[in-house]
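Heads up, the next two complexes both have chain A, just with different partners, chain B and then chain C.
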Partner chain A sequence: MTDDASPRLTLLLALADDDLILGHRHSEWTGWVPHLEEDLAFSSIAQDEMAHARLLYGLALDSLGEDWDEDRLALGRAPDGYRNAVLCERPNRDWGFSLARQFLYDTADDERTSALMSSSWKELVEILALVRTEEAYHLDHARTWFRRLAGGPVAAREHLAGGLEASLAEALAIFEPLPAEEELVASGVLPVSSRELLGAWLARVGEELEAASLDYVLERHAPVGDLVPTASGEIEETPSFAVPGVAREDGRWVHRGDFAGSGGRWGRHSEDFTPLWEDLTGLYRAHPGATW
Partner chain B sequence: MEIWDVLGKRTAGDEWSVVGAVKAPDVHMALLLARETHFRHKEGVAYAVRRRGDAEEALTVGEGDAATLGGVTDRSYRRQEAYAGVGAKLRRVAERIAERGLRIDRPRPPDLHGGGGDP
Partner chain C sequence: MVRAPGDPVAAAVWDALTRVHDPEIPPCSITDLGIVSAVRVDAAAVEVDLLPTFAGCPALDVIREDCATAVAAAAPGRAVRVRFVNAPPWTSERITSAGREALESYGVAAPSEGAPRACPYCGSRNTVQESAFGPTLCRATHYCRDCRNPFEAFKPKLAASS
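Let's look at the complex of A and B:
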């Protein structure tokens, strides 16, 4: 279904699958969060993400045949049919990792949905207007926890920094260019390219990390190995085998090189996706078409 | 960690009334948790927190638009309707499979709280 999907459908699936898969990972914290109030809060955020995915799947159905419905779209695709960023599928390591991931993801989601509010696709804009009212809460939650953990005690700060370090490289790939992105940009459906969105997001995250004196996390993701001189002293332009990363240039953090953890937008996932998919879709696959 | 009373207004004309409490390290986190735990399902139009023991007027009112407090997306799937009428559903299923000459013969799972079911 998704190999020859329209550019609009690939955009919708990227947005919706991110929310569905990350919502599923968030939901795995239910009953395990360090304190009761936060357990409820994080579970609610998980449900919100799934509700947002559902709205987007509903719009996607307009471009699919009658044999598709929300459940089939959410739960009835093969693993390589999902277009979520790899970051979203990674297992929860500890609370610090999950909060770091939520901070990076929700900041990215805010950046892209803000841009999409001026999309030429009015039905998408209407849905995102609803989604963004709830996402504002998620961002508030993420930033509140970010500031609290960054402010100590030491162990909490270390858990947050560890989570940021583990997830930053794959967070960059949230902005991996979409298939047929040029067409989406040209038609105004995607008003800002993924690369421009990445630049804005990275500058924003860089400011937050610098304010919390956590920018050493970014420094550890500096690109390495680029522009290796040959024996003759020339610089080979291509191919580049540089390890991708981020660098501080002209007062702001920028992305350099390719993407680590890329492939999600093309249906290529990590080793962590298959067990998640089996868990998420098990009931649907065992009883396709079942209703409550 | 401190205890914060959570207060709410069901309608705009109501007085503040205590609806619960949360544990939180500061007022910002208390507001965040109060909203997430007590106002996720359209329970009211305004919310506030007050550190337990503080003067009655020492309220900190949560920000936000009454129209969006409690969410704006369809949350009907969160209701536990799937568990309503389970007995009736079971009877209907039993009748339908009986029409096919089948019956549910798997024993009930053990009741861990005592009474009923096979061990």
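Let's look at the complex of A and C:
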């Protein structure tokens, strides 16, 4: 389905699959977060993200055949049909990691949805206007806890810094160029290229990290993890996935170099994706056509 | 909102909608919550557009079905279509004053910007928001420092800046 996907579909799947997969990870916190308020917060954010994915899948159905529906789009694709950034599929580890990831992801999502508000695609703008009224609460949650943990006792700060170090490189890959990037930019559907969005996001995150004296994670973050084949059948040899480097120049954090190889936006995932996919889609695959 | 003047069925449809309630906030009708965006009535059909308060609200399907049932009873013989639409985004300014009273009577502080919410139990404004999240997507968790009760407040929702 995604081999001949229209440019618009590649954009929608990137946006929607990020929300669906990260929403699934957030939902795994239900009943387990260190305290009740955060249990409700992560559960609510998960519920919102899945609803946002659903709105975007609804728009994607307009360009797909009648044999597609919301459930099939969300749950009925093969693993390499999912176009989420690898960051979203990583297991929750500890709460500090989850919070660091939520901070990096929701800041990135804010940058791209803000840019998309001037997209030439009116139906998408309509959906994202609604989505942004709810995302404001997610961003507020992430920034409040970011500052609280950064200024908190040593253990809190270490958990946050550890989470940032582990997720930063893969957060850069949220802005991996889309398969149909040039057409999307030329038609005004994507008014700002992924590369420019990456620059804006990195400058913004750099400022927030500097304010918390955590900018050292930008220099010593972990590399992106290895990706593994997620397709069945003949596996094509592809170069390793790598993200641009980061450096501080003229008072701001900038990216240097390009992406190499291909990652989540091309359906290539980490070893963490398949178990998540089996969990997420198991019921749907076991009972074809069931309604609930 | 579009009302067809002179058609008694249009009035009956609106009247029916005032009796459909949000299952998560029983005292509040959907017209008081401001989620009815448009009603179109002609000789053959009735169409109702609804706005979701929060996109992930699990009550949406129930509300849509309850609306369809109520409208069908008020407009016998006409085709009924009830759907949720994405624009304009619902904001908490759409809640009517009757809706705000209904929320307060249910123990949920009505949405407001800025100043601490009034405690729905004792009226004190010596309160604090503990979390922007709560038992449903549309409610936040607060605490009253005077009567020492936790309470819920409807989340304010504003049109996002672009």
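Note that the second predicted complex is superposed on the first by the 263 of 292 C-alpha atoms of A that agree within 3 Å, B and C clash if a C-alpha of one lies under 4 Å from a C-alpha of the other, contacts with A are read in each partner's own complex, and residues count from 1 in each chain.
Heads up, the rule we're going with is that a contact is a pair of C-beta atoms (placed from the backbone, for glycine too) under 8 Å apart; a residue touches a chain by one contact, two chains touch by 3 or more.
Just so it is clear, the model here is predicted, and its values are computed rather than measured.
Partners chain B and chain C, once the complexes are superposed on chain A, run into each other and clash.
When the two complexes are overlaid on their common chain A, residue A:118 makes contact with chain C while staying clear of chain B.
Once the two complexes are laid over each other on the shared chain, residue contacts for A:126 go to chain C alone; chain B is not touched.
In the superposition on chain A, A:190 contacts neither chain B nor chain C. By the touch criterion stated above, A:217 is placed in contact with neither chain B nor chain C. By the touch criterion defined above, A:140 reaches both chain B and chain C. By the touch criterion defined above, A:148 reaches chain B but does not reach chain C. Looking at the shared chain after the overlay, A:88 reaches neither chain B nor chain C. Common to the chain B and chain C contact sets on chain A are residues 37, 40-41, 44-45, 47-48, 51-52, 54-55, 130-131, 133-134, 137, 140-141.
Interface residues of chain A, counted against chain C in their complex, comprise 37, 40-41, 43-45, 47-48, 50-52, 54-55, 114, 117-118, 126-127, 129-137, 140-141.
Within the complex formed with chain B, the chain A residues making contact are 35-38, 40-41, 44-45, 47-48, 51-52, 54-55, 130-131, 133-134, 137, 140-141, 144, 148, 292. Within the complex formed with chain A, the residues of chain B that make contact are 22-25, 28-29, 32-33, 35-37, 40, 65, 68, 71-75, 77-78, 81-82. On the chain C side of its complex with chain A, the touching residues are 52, 54-57, 86-87, 89, 91, 130-135, 137, 141, 155, 157-160, 162.
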